[in-house]
Each structure stands twice: as C-alpha cells, then as structure tokens.
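These notes open a run of structures that come right after.
Next, two complexes with chain A in common: one pairs it with chain B, the other with chain C.
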Partner chain A sequence: MSAGRGLAGLGMALFLIACQGQQSALSGGGAESDRTLALTVLLGVGGAIIFLLVAGALLVALRGPRRWRSFLSAHTLVVHGGITFPAVVLSLLMIYSFAVLRAGPVPESGPDKPSHVIRVEGLQWWWRVTYLQPDGSEIETANEIRIPVGEPVRLELISADVIHSLWIPAYAGKLDMIPGHTNTLTLLASEPGTVRGQCAEYCGGAHALMALSVTAMLPPSYERWLAGQAEPSQPGETTGHRAFLSAGCGGCHTIRGSPARGRVGPDLTHLASRPSLGAGTLENDAAGLARWLDDHHQVKPDNLMPDYDFLTASEQAEIVTYLSELE
Partner chain B sequence: MSIDITLTWRRLFGAIGVAALLGLGVALLVAWSGLYNVAASRGHPAWLNWFLELGMRNSVEANAPRLPSPDLTEPGLIALGAAHFQTGCAPCHGGPDQAVNPIYQGMLPEPPKLGDAVGHWSDSELHWIIKHGLQYAGMPGWAAPHRDDEIWALVAFLRALPDLTESEFRHLAAGNGSVTPVTVKQLVSGSATSLAMTTCTKCHETDLAPPVSDKIPRLAGQPRPFLLRALQEYRADARQSGIMEPIAAEIPEALLADVAAYYADLEPRPHPPPAFKGNPKRGREIALYGDPDNRVAACQACHSSAAKPDYPRLAGQSASYMTARLQHWKIGHESKTPLDALMANAMGKLSDEQIDDVVAWYASRPIEGEPP
Partner chain C sequence: MTDKDRQTISPVPRPAGEEEDLLRIWATPKGWRLPTAVNNTVIGLLYLGAAFLFFVLAGILALIMRTQLAVPGNDFVNQDLYNQLFTMHGTTMMFLFAVPAMEALGVLLLPQMLAARDLPFPRLSAFAVWAYIVGGSVFFLTIFFDLAPQGGWFMYPPLTLTEFQPGDNADFWLLGIGFIEISAIAGAIEIIVGVFRTRPPGMSLDKLPIFGWAMLIFAGMIMVAFPAVILATMLLEIERAFDWPFFTAELGGDPLLWQHLFWFFGHPEVYIIFLPAAGLVSMIVPTIARKPLVGYNLIVVAIAATGFFSFGLWVHHMFTTGIPALSLAFFSAASMAVAIPSGIQFFSWIATFAASNRKIQFTTPSLFVLGMLAIFLIGGLTGVMVAMVPFNWQAHDTYFIVAHMHYVLVGGMVFPLFAGFYYWVPILAKRQLSERLGRWAFWLMFIGFNVAFLPMHFTGLLGMPRRVWTYSEAMGWGPLNLVSTLGAFTIAAGVLVFIVDLARNFRVGEGGKDNPFGAGTLEFLPQDVYSTRSIPHVSSRYPLWDDPDLPRAVAAGEHYLPNAPTGGRETLITSPIHARPQYVIQMPGPSWSHVLAAVFTAAFFLLLTVKLVTPALICGALAILSCLVWVWGIDKGPDKGPIDIGGGLHLPVYVTGPMAHGWWAMIVLMIVAGSLFFAYLFSYLYLWTVSPDAWHAGRPYLPGALRPFLSALLLISSAGMIWGARHRLKIPGHRSLVSAGFILLAALFAGTGLGLEFQGHWGQGLRPQSSSYAAMVYLGIILSAQIMLAILIMCFYCIARILAGKLDRIRVASLENTSLLLYYLVGQALLGLLLIHGFPRIMGPLA
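Right after this comes the complex of A and B.
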C-alpha cells in the first residue's frame, strides 16, 4: 500500500469516527443538531449533484460533439445557467438556512420556553454547573451536565476568567462564554444518551483537557438524580474525611454536609457519581483519583490545583477512599 | 639618512598596542615568577591600599541602587540587627563589648570597626555591601540574597551602633537571652553560656517575654512537624533567611527535633494588644470562605488548629511578620519547597488590601488554647 493511500485510508477512518463518536455534530441527538444535520445533508447532496452537472458540462465542452458544444455556448444557457440558477438556488438556501438555524433572537415564550435553567460557568480549566431551581435555590456540580429528554433546557453561559466556548456538537453549535456577559443556549434532547462536549476557544495551558459530559435522561430519572444532587453528602466521620479536611482541601473545594466550603475549585459533594475526573481527563475510579492526587500536573499540565505530593501514601489512600464514596 | 618621526594615527595606535602587550607581558611575568609577595602579614603597600580603596568606594557607589529604606529607627528592626551582628559580624568587625580576636585582626585588609566606618556610606550603599559582600576583602554576601528585609535590620542596627554603650549593646543583642557573666567554672569546663549563634532567645520568646521584634514569628505552641520542617528547610537552604540559615546550620542535627519540640511545648503567652492596619471583619470573610473571584482559598482550611500539623497556626501571630511572608510569596521569591508552592498558589491574587485585612483578623484573634 502506498503512503498516499495509507494517508487517505487514515483520513477516511478519522472522518467515520467523527461521524459516530460521542462528540459529533452529525449524530443528531437533539432538535438543533437534527436541523443542522438536515441542512448538512441537503447542502452536501445538492452540492454534489450540481458539481456533477458542471463537471459533465465541462467534459462536453472540451470533448463533446460539435452540436452539443454549440448548445452549451448559447447565450441563453450561459445567462440562465450561470446567473439565474445560482442566484435562485443560493437565495432559497439562505432563506432555508435562516429558518433552520433560527437566526435572530430566540423566542422566550411559546412552546420552546425552557422549563429548566442551568448556569454553566467556564473556568481555567473546568466547568462549574449550577441547576437554578424554580424556587430560587441552586444545586451545584461540575464538569457534567444532565438534561431531561424532550424538555427544552436553557443554558446560561458565563465565564470567570477568560473567554471559553461551550461546544456540545451532538446537541448544539459552539457558543462563547465571555467574562461579564451571559450567553444563552437552548438544548433539546430527543433520546437518552451520553455525549461529550469540549471547550472550543483556546483559553490557556490546559485548554485541550477541558471537556465535559452531557447526559440526557428520561424525565423521571432526571428528577431523581437532581434531587439526589441537592442532598448533602453523608460521608460519616471516617479517617479519610478527617485527612481531607486537615490537609486543607476544603480551602478550595466544597463538600456540602461537611466543613469544606471553598469555592475556588469544583464542588465535590457527589464526586463519585460523575463520569470523569479533571474535566474529562481521567476515569473516575479509585485508580484515577490516586493518580490525580499524586501526579495531576503530569496528567493535566498547567491546571491550577496545587501539588499535594507531600502527603503521605496513607493520607492519599484515605482521601481517595473518602472521595470515591461520595456518591 | 633621516628618521621620519611625524605622529600619525596609525603610529599612535601601533604604539598603544605595543605598550599594552608589554604591560600584559610584565604582569604575566610577575605572576609567573612569584616576585609579588602575597603574604597577608606583609600588608599592602600604601599605593596599593589607595588604589584598592578608590576602586571599592567608587564601585559601591556606582553599583548600589538607591532603595527606599524603611524606618531605620524602629526598635524591632534594630534589635534583630543587633542579635545577628553579635554572632554574625562582630567576630571580624568587633563590637562595643568585644575587641576583634587576633585571629581576625590578621586578615588583609583588616575588617574595619563598624562604628566609625558606617558614617561614610549611605543607607542604600550599606544595604548593598551587606547583601553582596566585597571582593578581595573577605566580606561575604548575605546568605539569602532576596531577604532585603533582614538586611535592613542590619543597616538599622549599624546606624544605631555609634551611640551604643557597651552595656546597652549587650542587652540589645542578648534580647531575651541571659546577660549573666560567665563564671570561671563554666569557662574552664567548656559549658560557658555566653551568647552563641544558636541562642534562640536572643530574638524569640520565652515563657516570660514576647519576641524582641514583631518582625519575627511567635513560635510557642506551633505544631512540632511545622517547626521541624522550617528548621530543616533553613538548614538545606530551601527556605531563605540570612539570619536563620546560619543558625539552623549550627544546631546539631540530632537536636533539631528537640528544638522544635521545645517551642511546640512552650506555653503561648497572652499577646500584647495587636498592632495592625487592616479590617479584621473583612479579613474574617477571606479566612473562612476565601475569595473565589481572585482564586483565594479559605485560609482557615489549613491554618486552624484542626488542620495538619505541617501547617502553622496563625491565630495571634504577629501582623508585621505575616504581612512580610505573604508579600514574599506574592512577589514569588519563596517557592522552593512544596509548601511554599502550595501557599503561593492558595493565596491566589490576594490584593495588598486583602493581605492587610486577613492579617488583621488573624493578629487580633486569641492564640488558640488561650481563653477568648
């Protein structure tokens, strides 16, 4: 196999992975991405047909019989094929794409009025996710968004430091998170499942490792999950709990139900229920926790958590056990 | 036949070049032949003395930056300078109560008596000399070049020195240490108690008296592992101090843990009315909850009595000392140890005003264990 063919094969493989992965704009997991997918297919297929027609005409013009060539060079065909046809097709497409992408202000009322509001704050280099309850209370978690299937969810996007961009390709396009400004994005998932999102605006050292997972759940299980997240943790007076507090972790992290109430880093109240550690960097299991605690600057360079490698092995192990029990 | 002796540029440069080469050759010849006698006992010839003195004076003047000096009349500054001077400088330079030992009198050049010498220099120049030392004179540079604050203590003392009597100096340098004269028995048996480098009480508190200066920390009641780590880090040059590093180097390694234990077990004294300029109420918010917008962690997570004994307790600590430490981390000079790095990170973008506030809260709190 030649190098060129190998490269082409690799490109094709990557393209197919992108089509089916958890982080694909072509997977069509929600209303907005369905519309985007329809537009993509229409443009792709339509463009291919027109390309074939033009290529055919070019071939005829170069090699075809004289009668066909004189037909192609007729004044009327040049005017209608070269000016009228593109003008009409492009205008129609533009109107269609405006309609599909709902350009302009999003209506706040009507059938699309979101029943759920989630504030997503971008920070270097993780996501603070807060569920704003109708009664005014807030439920905070991190690096994971869960939404109910079939119900529109409004995301309020803000930033704590620099410009980030939330991109959940399966559900919606990219939208910047700008310091001092709130952008809103509406998600509507059509079926349950978990997809991946990523910061799509370079935001400093660990930008590439700033991901999050988005899980669409059936409404009853979503409500159950949210009620669980609202609860404080029940860690009990274990040695791990004491080690966590005495090492000073509570200076930056909150664990509701314990004296730890720092707000510099992610809320860890239900850490063990999340799919990943370090904003999509490590598997969330005991091995991942141990790796993070011991060596997180190797795992996620430049991240802003201080090193705790001066803790003894037994202190680290106790803290890992404690954190992995925070369901 | 006539010789053309017209002066042209070409000939001038040629002559200079030849002269320079000759000079270099002679210098090499002198060094190689051993003609010049380097014996310190011989002293410098007067012309060389004049030459070296001229070079030194102008070099210091040209190199010393004009620094804004702190208030050099502050007693806390002078007391620290005196304690360090007594064991760090007086052996060579002599002091009001001690003549220079003949061993050091034999140095070339002989170290000057500082009471007389300091008048020639400005504050900034003295600071520069203490910080960098002097080549060809045996004057060493400061063991911790970033600790300008410590060097100012020496400058403050040197300014006070000319007016000190022997007994005033002895009391100032002894701090909380004993000034009782040594008995013959102690002297001959080697258990003399004259003030040594390692006499901690020259500066630090005792069960009867507070520290001699608010520029240094209160040690009584601090956790043992924290104190031991500090001593070990001074010894290893990981923590920077031109005063504490030489002291920690003098403490026998086997005694480090005992010294830490001594201060950990020392009963903290009720502290005098706190001196601070910030707002303790605002400081309390930062200490308990941090300031997430500026990435400031909640201080109490590590500095309460419930935290790991590797971290210091801050309640009742000296405001002046805490402020200086925080400013060091802020500038980024102190980050050689894991805990320095942790602290520099945890304080985030704490502003100068916030430093004053949080320091005010800690300084005004009762020492833990002491009734509120």
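Right after this comes the complex of A and C.
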C-alpha cells in the first residue's frame, strides 16, 4: 500500500470515527456541542491558514527574493505582524466566542426553565444518577443517564469524594464535580440515540474505567421509561435473591422492593435494563455479570467492592440469574 | 570614550605572573575535592547535566506509557504503575528538568555574557545545585519502590489528602517540589543581583543581551509565582500531616483553593520556562543572520508584558470548574492577549532573518531554531483555541491538551535548549559537536515529535481523556495512538543520537575556536577558568562585531581588572542602570560547607517525609550549622581596598547599604516572603468568601482587643532595638557589647510578640483542626514564626561576630541584613494582626 493511500485510508477512518463516535466532540448531537463544533471548525481552519501564512513569511525571509526580504526585515513588520494582526484577529474571535458562550446555558427562570432535573453524583469510580421529580420524589439509578429529546435537561453535578468531571462530548463540554460545590450543566439533545460519556478529571485508581452511557429518547418513551424506573423491582423469593442477601450484597446495594438497602454502591433495582456493568467496563449480560463477580478486581482494579470469590459456582450462577432478571 | 582611549584602560604589557595568579585563584578543585567547586561554568554544567539526565529519565517513563497505549486493552503496565508514571513524567519534566535547565543556563551563560568572573553568590548556586541533585534523585528513585506519587503532576486535593492517598507517595511529591522551590529562589537571587550588578562597565540596561532580559523577567516571575506554590504545598502537607482543613469542604475548606494557588504559580511557570528559551533564540538568530536583532526594544517590552500578563491567566486552567461567566470572559480575553507578545518575538525573528545579507546556513543550531519556530507556532495557535471557553470545555483534560502543551513546551523550550547546546558548546569544550550527528538528531526529533503529537489533537477531540491507562477497541482511538507511539520512539532515537554525539565529541576544557559562529556577544570572548582575562568596556549591543580587536585586547589584559589585586576571587560590581563601576566584590571560593549544607537540608526533608523526626531534626541542625560555617568567612571586610582596576578607577572592596550586593539579595528575599504572605492573604479571604459560616463560628474565640495591641507594641519595640543596635556599634577594634545586648532584646521582643499572639488564640480554645478559619489563623502565625526562627539564628550569629571582633561600624553587613529581615517581619506580623483581629470584627456586624 502506498503512503498516499495509507494516508487517505487514515483520513477516511478518522472521518468515520469522528461522525459515528459515541464519545466524540466532532459528531455534534446537542445544542451546545453543535455550536462548539462550528467554533472548532472555524478555529481549526483559521489556525491552519495563519500557520501557512507565518510559515510562508519565514520561508521567504530565509530564501526569498531580495525585494520581498527587505520588506520583511522592516521594523514595521514586527509592529503590524506581531501586534496589529493578532490584536484584530483575536478581538474578532473573542466576540464570536462570547456569542457562543452566551447562547450556552439555558436561562434559569422564565418559560425555558428546565422541567427535567437530574442530580449526578461522581464517586470513585461510578456515577449515582437521581431523577428529581417535580413532586419532590427521587428516582435513583446509576451509570446511565436518559434524557428526552428536544427538552432542556438540567444536570446538578456533585461529588461524594474527590474531584470528577462529567464529559458527554456529543451533547456538551465537560463540567467538574467538586466536593462542596454544585455545578449545573444543561443538555439539549437534538435527536434520539445513545452516546458515551467519561470522567475527564483524574480521580485516582480506576479513573480510566469510569464511563457512562447517555440515551436521548423521544419524550413519550422517556416518560414511560422513567415511570418504570420509579417502580420497585419484582424479584420474587428466588434462590438467587436469597443468595444475594446472604452474601451481604444488600449492605452496599439497594434493590427497591427487597430488604437490600445499602447506599455505598450503585442502586441495582433495574440493573438489567442498563447497557453496561462497572460504569462502562463490561457488557451487561450473564457472561458479564459472572465475570464481574469472579474477577472484578482484575476487570476494574482498585474498585471498592469486596472480593466475592468465596461464592460457590452454583451460588454465583443463581445470583447472576437473579440480577439478569432485574428489568 | 573613543577607541584610542579604550586601549589604555590597563597599561600593557601586563606584569609577569598575573595570569598565573588568576589561574591559581580560579582553579577548579581536582579529584575528590571536585564537589567543592563553585565556578559558574563547573556548577552550571553540573546543573545542566543533571537536568538533562532527568529529561532522559522522564522521557523513558513517557516511552513506557506510549508502549502501554499503543494498542487498546494493553496490559504492558498495570493501572497503579501507569498512574505513577504519568505523575512522575509530568513532575520530573516540569520541576526537575525544565525549570532547573533554564536556571542552569542562567548560571552557565550569564556571567560569560556579562564578562563577569562569576555570579555574585557562587556558593549559593552551588548549594542550590547540590540540594536539587540529592533531593531530585531520591524523589525520582521512588518510582522503583512503588512509592512514587500518583496524584497527577498538579496533585489536586481531595484526591491527594490522606483519606484517598494514605501512603507516603504524595509526601514524596511535596518533597520533590520543596527542593525545586529552594533552588529556584536561590537562582532568582543570583540572577537578579547578577544581571543588575555584575554587568561590564558601559553595558547600560539598553545594551543588555536579550537573554539577560529574559532571565531578569524569569527571576522576577519566580519571586512572585513560586511563593504561591510554596504556600500551596505547605497547606497540603499540613493538612496531610495534621488535619488542618484547608481543602476539606465539610469544615469550611475548599478544594478549589489549591487550584487557584497552584495555577497562579503553574501558568506563569510555563512562561518561566519559555521566556529564557525565547531569549536563547533571540541570541542565536542574530548570529545566524549576522545582523542585529530587529526590534530589540519591542522584544524587551514583549518579554516584560508576557511576565505581567502571565499572572492574569491562571483561571484558564479552571474553565471547567463552574466559575462565573464574567470571570470566564476576563480570563479568556487575558489568555488571548498573551499571544501578542509572542507574536512580536516571532516577527522580530523573521525580520532578523530577512535582514541578513548572506545565505542563511542551516547548521545544527539553525535547524533547531527553525524547528522551534514551526512547533511553537502550532502550539501558540492551539493555545488561542483553548483560550476560547466553549472550545476549552470540550478540549480540557483530553489528548488535545496533551498535544497543545507538548507543542508549547517542546517547541518553546526543548528545541531552543538543543539549539543552545550546539551553539554554546564552543565556549565550554575543546571541540564542537558533530554537524552530521546533529542533523540526524534534529530530523529524528522533529519528525518524531510531529508524528507523535499532531495526531493527539484528533485523539482528544475524538473523546480520549488524559491520564487513562487503557481504552477499549470500540472507542476507535487505537490507530492514532499507535502512530503517536511510533513517533515517540522516533524522538527517543533522536535524543539517543545526541547522546552518542556527546559521548564521542563533548570534552570539557579550553582549546578550539573561540567564536566559530561569528557571534557578536561577550560570551564568545577568549575564556579560561577566570572567565575573560580582563573585563571589557562595552559600548554597543554586539561588541564583538563593532570592535573586531576586542577579543585580542581583552585577552591581553587591556581592559578592567586584568589581575587579582586582593589575592582572592573577585569581580566588578557596577551600578544597576548605567553599569558604572562601583566596587570590587571579594567572593568565596571552593568549600565543603555549602555542599554539606545542601546534603543535610536534603536529608532533613527526606527524613521528615518518611516520618523519622529525630534524625530529621539532627540533620536540620547540622544544615544550619553548615550554613553558619559557610557564611562566617564571607564578610571579608574593607582592609584590602581600595584597589586600582584600570582606567584610573580606584574602587573599594567593601560597601554596605543599598549599594551592596548583599543588600540587594536581602531585598529579593523580602519580596519572595512578601509574595508568600500575599498568597496567604488571598487564601484567607478566598476561604472566607467560600465559607463565611466558619468565620462566624470562629468569632467567639477571638481574643480581646488588648492582646493584639500588646503584640504590636512588642514587635515595634523590637524594630527599635535592632535600630539601636546598629547605631551603638563601635569603630573597628572595639567590641560593641551594648549593641549585642540590644540585638538580644530585639530577638526576645519579636519572639514574645508572636508568642503572645499564638497563646491568645490557643488560650481561647481555638484549635487549628476545627475549621478553615482556625487553620488560617494559625497558618498566619506559622508564616511569621518561620521568619522569626531565621532571625533568631541571625541574631545569635551577629552577637557571635561582635564577640569575635568581626562586626563593627564599618563591617556591618551581617547586622544590616538581620535588621532588614526583622523590619520586614515586623511589617508582616503587624499586617497579620490587623487581618486576624480586625477582619472578623469588621465583617461580624455586617454578616
């Protein structure tokens, strides 16, 4: 394969990743990310042009015709090239950038006040997601955010331990989660789809393995889904349920509708409806669950869940079956 | 002065034996005594060598990381090691390579550019270098014992608090930074006093080589920026060791305080690294073009403006922390504005190239300069991108930033450093480095760099965050990462070629051509261990171009101070603006004392880090003792002056007061202490705005108003006592016992004043662990107490000198410096009392 074809192939691959990537700042998909993408393209192209101009000037200064060189050697070049030119370009850019910035956050009051408020708490190394209902009730889930398409959603970002940062590039820029602070980020998705987000502030050990999925749904399906999440689970008195409780899992995890009431780890009430395990680390299926129970410190080193290698094979299988049924 | 007059500054031929005297006096110690050397060329080369070693080591860490990231889901290193690797890579590159390398260049080149025999405080530089080498090595070795810090190079709390990082790892980071703080401030003192006071006669500030200007601003920025990180590291270590809640939100602290302090240092730090390197380029470009730099004045303004602006940018590292929109706009605008001074320098270099009458030769230094221009230009343009807040929100903490900052730092600092090395080797070594290997090194590094870092811009925008040790194949980042890894190894090959070149061709010593590139500045005068034979009279910016006879005349001893009239090491001190000769400074030579002081200082901090308190205290005491031995012989007194330096000038060899170099050094130190206290004031007020409740709850613990007045009275009396001591000194030959008594009282009064303040809060039951307010109250006392400790030692030192008959009305430098520091302490402590006792009383009724 020639170098040219290789380069073209690489470019093509880049383009495909950029547009389809679930975690790309170049794909667009939300109001804020679209505006920022336009700014990015402008900055990238403009920067490339300026680079070519200045590099061209340098080449002329080194090897160009004498007349051009004497033009470049004037003191006025330093003044206009070094002061006037950047001052004008930067002022224009600044105005544009502030325009983008002002268009960003949705006003807090008035008709645009978001009717959807979700509290997202960063913890080492997962996300606690709580839907704050207009009636004051709360619906808790983890490592997955769902939002209605076309409606502004306000995320209230807090942290339980160290600094994290929520970054869902397809919809918006990142915003930090800082102990003692509450930051708010507004998302506005333009079409349905699932994207990926990841912690962007180094938060210790398993920082690389702290991701989440974000799904934008049409409002009716969103409402249906949220109503489902509000329900307790229907576990039944299976052997898996008993094994789960007797292994002490309920000390850390909550399964609403069961005696499991722990608050340390993620709420598992509707675990089976989520796309992943371990905050974006494993596929959420029976194999993934078994792998997690067997080997989670290998899969996600340093995570705070104790080892469960003392479970017998049949206990483990029963728990996996039980968890797979928590729709 | 006409050319004819200049010939006659010192009569020639010089008497026999003069040069032999100079050679003997300035000889570098041999064999096992080599560590005692203080010559700036020896120390500077050692400094630069150590910095380069850390560059190679941190580069190896980068290669390990690049190997891990080459393919998705790799398990070459594990999570824990990877987190240590990126922390060590960043910390080592920034603190153990970049800043020390720039200081090393200052130590190495400044005296040569100024034709001074040495820096004004030779042992201070040597002390800084040894502390840095011992401390830096131990810090780096932690990576082999799983003890390396893993909090990222900027160590954000709460992640770095004991709750989340209980081991000693984070403490080793704080330790490593401690050494760099010491050596940076020592360097700043040397450079400021050196540039202002050791210029050759006639080199008024408007003729100072640009590198001198860059180092001056560099040192000025260190004075203001480093205290912020000194305070930050103090806060973090105190919270880690004693639970004072500066960063814990539940008790009124705030994690963002660290970020403000760290970046108030951290952003200027980038320019602290870049400005001297740009200064190098401004020295090399005119030589390549054989034309004076176009726009010298504009460049000086640009350098100063960069230094100034850089303190208004720190929040652009915090755009994603949720700060208000108005702050975002201000800091975004300031971040863009700083592009303008860089633009000036850039176009000035282009104009200088264009002005050349000859075909530009692409020698190795030229190649590295041109490579710097290309790389730094891209870094600057992406810098404008990340200054745009909305773009920053996407790019922050992704590989886009990794790419951007490597373009800025490698373009802005590493390439100029290599250019500088190839350019200045002739003044240090017997022969030049190989042009052929140099070209190979350049092209491998240049191509490798772009292959490694250009794709990272895209990797970042495609969603890859920084500081992740693994990623899954589904993310699609694999191919780009593989390319980056190949590029990284290509850079390494380039550095390896450079090392081979060094091994084959670099031999320290005299010989070879003095000025192979045809440069116009003084460092290319003929040199030996004593620097130039005589100190030239300078009348232009490029003296070697304007007076082709100058090298011969200087070497023949026709200029100032062609000999060693006091029989020891000496150099010429000139006035700060116009460089008129003022006096001759008698400088100390080789010694073990400062080496031991450095080793014991390093041992003190190391032992504290591993919590061996008693041995640490013993080493601390030994370090102080070594310092006392070191300085005891420095104040040589006026007996050997005045002396004839040529040109009809008879200069004293001892002055005190605002003309003395020691006075200047003390002023620099006071500015550093003042910046530290300013950072404290900022922190106090910042935490108050974040959690006024803690201040409200602390109000009942405030002692009555009488007590601070009593403290203030004692402090002011202490200043009066030391003033009295100065004025009751007797003429030489008499012991001033009354003054000794006054000095004792001054120390006693100041100490009691501070003690009373401490006892007041403690007696009311206020404990520093209880809230951020309480912690801030006690921190203020600590900041004054540590100066008090220094003053106490200095007071006893002065008393000892009085008793030894070495301190009198003339020979008064020790007492003068002690008084200056005491006056400063009194000022700071009074301001502290006003804040601690006044502020809550004013804000109480308002709350």
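One rule holds in what follows: the second predicted complex is superposed on the first by the 262 of 327 C-alpha atoms of A that agree within 3 Å, B and C clash if a C-alpha of one lies under 4 Å from a C-alpha of the other, contacts with A are read in each partner's own complex, and residues count from 1 in each chain.
Here, a contact is a pair of C-beta atoms (placed from the backbone, for glycine too) under 8 Å apart; a residue touches a chain by one contact, two chains touch by 3 or more.
What you see is a predicted model, and the numbers here were worked out from it, not measured in a lab.
Once chain A of one complex is fitted onto chain A of the other, the partner contacts of A:86 are limited to chain C, with no touch recorded for chain B. When the two structures are aligned on the shared chain, A:160 is found in touch with chain B, with no touch to chain C. Measured by the number of chain A residues touched, the leading partner among chain B and chain C is C.
Using the contact criterion defined above for the overlaid structures, shared-chain residue A:204 touches chain C, although it does not reach chain B. When the two complexes are overlaid on their common chain A, residue A:120 makes contact with neither chain B nor chain C.
By the document's definition of touching, neither partner reaches A:293: not chain B, not chain C.
Contacts of A:189 after superposition: neither chain B nor chain C is touched.
Applying the stated contact rule after C-alpha superposition, one finds that A:251 touches chain B and leaves chain C untouched.
Look at A:54: by the touch rule set out above, it reaches chain C but stays clear of chain B. Partner chain A is touched in their complex by these residues of chain C: 78-80, 83, 150-152, 156, 158-159, 164-165, 249-250, 253-256, 294-295, 298, 302, 320-322, 325, 328-329, 332-333, 336-337, 339-340, 343-348, 350-356, 360, 370, 373-374, 377-378, 381-382, 384-385, 388-398, 458, 461-463, 465-471, 475-476, 479-480, 483, 690. For chain A in complex with chain C, the touching residues are 10, 13-14, 17-18, 21-26, 32-33, 35-36, 39-40, 43-44, 47, 50-51, 54-55, 57-58, 60-64, 69-75, 77-79, 81-83, 85-87, 90, 93-94, 97-98, 100-101, 104-105, 124, 157, 161-163, 165, 167, 169, 172-176, 178-181, 183-184, 196, 198-209, 301-302. Across the interface of their complex, chain B is touched by residues 160, 245-252, 260-264, 304-310 of chain A. For chain B in complex with chain A, the residues that touch the partner chain are 289-290, 292-293, 295-302, 306-308, 310-311, 338-339, 341-342, 345-346, 348.
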